[in-house]
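By written order: A, B, C, D, E and F. Residues from 1 in each chain.
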Amino acid sequence: MKALRFLRQGFEHGVHPAHHKEQTEHLPIQRVPFGKHYVMPLGQHIGVPSKPVVKEGQEVRRGEIIAEPGGFVSTALHSPVTGRITKVGDFRGVDGRFTPSIGIEADPFATQQVEAGEPIDWESLSLDDFIRAVQMAGIVGMGGAAFPAHVKLSVPEGTTIRQLLVNGAECEPYLTTDHRLMLERPDALLEGCEIMRRKLGAEETVIGIEKNKPDAIRTIQSRIPEGQPTRVVPLKVKYPQGAEKMMIRSVFGVEVPAGQLPRDVGVNVNNVGTIVAIADYFLRGMPLIERIVTVAGNGVTYPANLVVPLGTPVRDVVKFCGGLKPGTREIVMGGPMMGRPIASLDVPVLKGCSGVLVFTDAPTSARKEYPCIRCGRCVEACPYFLNPSRLARLSRARMYDEMKDYHVFDCVECGCCTFACPSNIPIVQLIRTAKDDLTHRKEPAE
Amino acid sequence: MENFLWIFVSALLVNNFVLAYFLGLCPFLGVSNSLETSFRLGLATTFVMLVTAVCAWVLNTYILVYAPYLRLICFIVVIASTVQFIEMLIKKLSPALFRAMGIFLPLITTNCAILGLAIFATNRGYGFWEGVIYALGAGLGFTLAMVLLAGLREESELSNVPALIKGTAMNLIIAGVLSMAFMGFAGLFSST
Amino acid sequence: MSKRDPRLLLFHAPLLRQDMTTPKVMRDVIIALLPATAAGLWYFGLAAALIIVASIAGAVLAEWMFSPSGRRGRTLLDNSGVLTGLLLGLTLPPGLPLWMAFLGGYIGIALGKVIWGGIGHNLFNPALLGRAFLLATFPIAMTTWVTPLTDEGFFSVYSSNLAWPFMQAAPDATTAATPLGLMKFEQEVTPLTELAFGKIGGSLGETSGVLLILGGVYLWIRRALDWRIPVSILLTVAVFSAILILFDAERFPTPLFSVFSGGLLLGAIYMATDPVTSPTTPRGTWIFGIGIGVLVMLIRVYGGLPEGVMYAILLMNAATPLIDRYTQPRVFGRGKETA
Amino acid sequence: MSSVLTAPAIMTGIGLFFGAILAIAQRFLKVDEDPRIEATNELLPGTNCGACGEPGCLAFAEKLVAGKVEAGKCTVSTDEALENIAEFLQVDAGRGEKRVARLKCAGGQRQAHTIAEYRGFEGCRAAAIVSGGGKGCSWGCLGLGDCERACTFDAIHMNANGLPQVSTDKCRACPDCMAACPRDLFELVPMNQKLFVQCNIPLAGEAATQLCATACDACGRCAADAAPGLIRMEDNLPVIDYSAGGPAAPEATFRCPTRAIVWLEREQFEEQEARSVENVG
Amino acid sequence: MSAVPDKGSPSSLRLVMTLAIAGLISGVAIIGIYEATLQTITENKARELREAVFKVLPGVSDMQPFVYRDGKIVVSEPDKDEPVVYGGYDEQGAFVGYAMPGAGPGFQDTIKILYGYKPAEKLVVGMEVLESRETPGLGDKIYKDMDFVDEFYSLAIEPEIVAVKKGTKTADNHVDAITGATISAKAVVRIINETHAAWAGQLPPSGSEPELEAKGQGGSGAGP
Amino acid sequence: MKKNESYDEFIKGIWRDNPVFAQVLGMCPMLAVTNSAINAIAMGMASMFVLVGSSFLVSSFRNLIPKQVRISCFIIIIATFVTIVDYTLLAIVPKVHKELGAFIPLIVANCLILGRQEAFASRYPTKLAVMDALGMAVGFLVALFSLGAVREILGDGALFGVKLFGENFEPWVVMILPPGGFLTLGVILLFFNWFKYKKDEFLEDVAAAERSSR
């Protein structure tokens, strides 16, 4: 393994999109002023939706718990503002559908201070209590998947976590939240790392950062306290370096077997945002009620890195950034490679949303689509060594079941193939369509 | 005079039974919609051909010398019976295979490729080994053609072939192109 | 939602693309072919120009006649039709009657592309299919190679060029067997310099190896072709003939001769690499290339025909679906296996 | 002429020989397969469409012979053919009354609002995964015709209003369209059912009607006007249950403010269209 | 429903008998037709053969088949696939030469030819292609292109025949190949050479050929 | 009634389920010998004789032949007829026989003929069987001829050996070679489909018109 490790440094395939980070990478993080309406969907994390514990008309304070976990793979929700519960019911969510949510109206006269939560003595907590605490703090993966962090912490018998891998790659173009976070709150990050590491019983902490953030690398390296087993690994600038399995591959030279989890190779991957959230909770008693969002793209007047209370409508966020330029066509939540386009400005910013990208004229979507010329560029691009060309053609022919033979479910929808395709074929969409059909198709009952 | 290599190659490529002699087109066009099936059918045919070659030789040497005019019917009956026997075997041993072949198993029985083999081998006055080699080449040639066509067909499922052409017309044209490509083998190993 | 909001566009991620597009790829190939084409004109004069124009005309006509003016719009714009015509033209003998060249282009597109559903859906290389059709249809005309007529000045054409449609050509021009023909049937070897710069009998495009390679390099820089294919083909051919030489240096050609003679370079660099009709998987392309190399040498050395590149490529086209199917890449985090 | 004798001799000889062999084979290689299976299979349409829920016609034939299924399950073959099978197998065809696919949505382009413009692969499921495809109502028909393509029997055609129109005589109640529709809008309904709800939105009142002109706003009038028990309201939608009450009558639909519930005499959306046109014009 | 199969399988005896009877009947039928046509068919065959032989052996008016049995040429009908040559005789019954059948791989498929050979002068005096699948327009020149066929009217066969590029003919054992169909042309030449070699040791020394027997019913070449 | 029922059997074979165009059966002899019109017709005739004859016998004896050996019996019957044809041709027109070569005996194996025995003759009364056989045979003949004609015209510039385009017409050799067979039949089928398609379209329109008028 050692030999292999230095032989196959970095992961194979992948693509090199222009990273467009110059827009915001130098902008310090600001706070958005509080608005009026807030919407907290109950299912803004992977897993079971949370159960509301508040009624319509009830007063809530900022940071007060408004929904409790609906199960183990689920987290609590806290009110992002002090105000009144307007409605517990259906609101339009990010995916364009109506989803059960909690509507909150901010109290215009409140000071919006957090309850002065005390630091929690995490060292004395038993692992189970610690996990419970993380869950009650509503902390989920900030890297995009919004996967409940405590689930990752609860390692089953037999598997031991050797390394804690902190994901500061931020390989998605435009996004600079993790970058700014690492620059502005390195100490919080390192404290968080230590908490996680100790609780996981991992030997060391590895912070993986793409080389296009030299300042972040320097800052963190300089701040690592004596004796803290933590190292920073500069990573090749290449998409999707941040995908956990790719990063594990680059850092440790190990392939996480398909269908298994990082923990199965003794690694626990967490996004820097997640780590800082952990620190904020245990050292400052601050549950997850806000997150950092990059607002960028050629359609926004003043790009920025913002601290946004969860549930803030996109409308307010872009208004703070000087509003939309005329001719804005497309707004994406998340990165340009994996993000989801939104249908209306009323959808709220959620725990998993690391960016709001606003584009005027849509150059890509206006492109003409040609038939697949089987040039194989997608095959060369796919970091998971799938055959996107074939998958796309199968999906077009609606031969979804055959696609299983081509491991359609191993596709993480990174978008490399589509990026590389000269025929401008919406490969990822075709693949997701197939997955959706395979998972949700309503087989004839009778 | 004609060495084994040439006999084999000629039957396999140059004078491929399907693509140059048009023998066994029904299974060729009918069953070639799935790779596995066509491969299995191809092998089945090859096997039957070997059997045929042997039968033909036996008949020619021991029986037909007395009654040449019975050639055709003897071939037919003997081959048919032998194959029907094999059919029963397959049905017994692998019902799945039997299903995949559908109505074509009975039709291999008298698949003209098989009869053609017997007749050609006789016309050319092949001896025992020559006959066997010839059968082997022909059978494998058949399989090769089948498998190629099957692959192409499965692929063309994914491309948007106009509705008018889809189906047999398309398969025939593919076959045409294939046989055009196989012309490249003409004269292989014939001129030393 | 308030009325002043922009009407948002829902378009699936990713929003970014690299800037290569299919028409650009095709255009690059055409550009890469220009030098070799120019050489063809230089050696064979107006005749060459006319033949190329004729075959392109045939191709484009077919494309225009059949291509559905449906959702995808007419595919004329993607240059591939022109490319097909050009490549076909380059593979034709200079003395060919123009109407045959036209027919070739037409058949190539109609039979080789349109009926499959247009660009990207065909399983055989249209240009070569057109040529194979011509060769099988008019074997004599397609195998009479005339001598380059540089000395007679640019504007002269062979009288055989101008045969009436569907009528035979008056067999006039002094014929010159191709280097391979000479090799195969008269055991005469053509010196390499002539092969490389090509004042030799042969089709328009195949005569000047160096320029062809030049174009190939350009394509490779532009990432327009898969380098594995030409490399594997040429290597296989070279190795194959090297081995043969060990047996009988008299009868068999030298590796360099094998590589530079006939349509090999043209085929290996521009035709075997046709993405549509070659495997998509990296391992597949190697197999594909090696297969072509072996077939070429088989046909050249043991076969009846002096040249086999075209047939070799068509045959491997036919095998491509199988290759693709059994060389699926190993999926990340999975053991060896094929889909 | 010796040959006069040889020929028959040889022929009979060969005949005997192989007759014997085959006979023996019959004995030892006999696969105890009910010959009726093959016969039945020949009576089936052989489209292997799977409408019957079996992998294919042959499999279905086996089950038929084994008496595990009713011939009527094969919705594809003609009644006459089913009669033959039934007669042959001496079982009852057991074909229920004809059912057809009906759409639980009338929100075509003219009725339902779209909030964003979808651009991408032509297909309902493909659109649905891109933030719901831009249709305001996230329960309604996207109108991109996945069902049309799915239908084996060419029974569905998208009409001018962007809604799938099921031809009642072509539809074989094979549930392909049900499987294809990402919004589960199809249900198989007996032909003789005339009363019918054409909306799928679980919202009530304003919330519903602001998304779609013909959305059911859950006012409950239909339930009130229908014969007792026939219609009940379930999460903001009327549910019609002939078994629970009846008889059904057109009156139930008269007071519906949005015509979300209709009385269908002929194919769905035929007259519907006419009305919506005048709505617009 | 006539599709309803008979239930239960009949006795195997019945199966056997059915086959046997069928065989019997058809056997009789075939004999009938065979006897009816035998006469004409044999005559046709004979005529074809004679024509071919007379064509390749100019000046011949009668013929008889030879086969090589235990060390010497004997006049006889060939047994099953036993190589045969035909002796040709003129009006006076004097021996003229052999008509020798040969076969070998051509461009497409086996080519079968018959050529006339005069042992006295060691000359090939005629060649006829009996069977070939060569390409129309190219390979079929070996029998359509008279220039090529004429090459074989007086062609020295020793040491061996050589096909040369058209127009480069120098010796009298040279044959002008056909441009565009070199392979077929060379194939013909090779067949002749091989056949010649095969028989070389077996033919009796020139002059001592067997006499013409049973004059008249020459060359009932093909029989039952 | 009975009369035009058998008439239907006859007519359907010629066009609606033409053995070649619609059912794609028995194409081996079809493609192999159709490089000239005359061969095509000879082959068609031969097949017709065999098909009709054997259909007659099979359907007459259909109740005597046990299922297990039916195929063998069919084949014996067919083979007998073929041998008859074979010798007859050989006796009467040796030239044609040489042209058709090994493909006369191969009529035995023609899937069409065996197929008809299995599908029809062995199940229906003699009269229908014969009519059906006749229809099929004529359909087969038509198909063979059209193919042969096209191939000869293009491949040789002639029909029945009569040159059509003067001497220096450039023959399309491929048409006579194997690929020509496949391609031509493919294209012919294409037109067949096209025709059917147009017809259905037409019928659709009529139906639609009626529906709307209702």
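Here is the rule we use: a residue touches a chain if its C-beta (ideal position, glycine included) is under 8 Å from a C-beta of that chain, and two chains touch if they have at least 3 such contacts.
Model, not experiment: these values are computed from the prediction.
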item	value
Required steps from subunit A to subunit D (each step between touching chains, minimum)	1
Partner chains that subunit A and subunit C have in common	B, D
Comparison of B-D and A-B (more C-beta pairs in contact)	B-D
Of all other chains, the one whose Cα centre sits farthest from subunit A	E
Centroid distance [mean C-alpha coordinates] between subunit F and subunit C, Å	40
Centroid distance [mean C-alpha coordinates] between subunit E and subunit D, Å	69
Chain centre separation (subunit A, subunit E; CA means) in Å	85
Where subunit B and subunit C are represented by their mean Cα positions, the distance between them in whole Å	33
Per-residue overlap in subunit E, given as positions that touch at least 2 other chains	3, 5, 9, 15, 18-19, 22-23, 26-27, 30-31, 34, 107, 135, 137-138, 183, 224
Subunit F: positions in contact with at least two other chains	67-69, 72, 76, 79-80, 83, 87, 173-174, 177, 179, 183
Numbers and ranges of subunit B residues touching at least 2 other chains	69-70, 73, 77, 81, 84, 159, 165, 170, 173, 177, 180, 183, 186-187, 190-191
Contacting residues of subunit D [partner subunit C, same complex]	115-120, 122, 127, 129-131, 133-134
Partner subunit B, residues of subunit A touching it in the complex	393-394, 396-397, 399
Residues of subunit E defined as touching subunit C within the complex	107, 135, 137-138, 165, 179-180, 182-183
Touching residues (chain side subunit C, partner subunit D) in the complex	1, 7-12, 71
Subunit D contact footprint on subunit A (complex, rising order)	90, 92, 94-98, 340-344, 362, 365, 396, 398, 426, 429-430, 432-433, 436-437, 440-444, 446
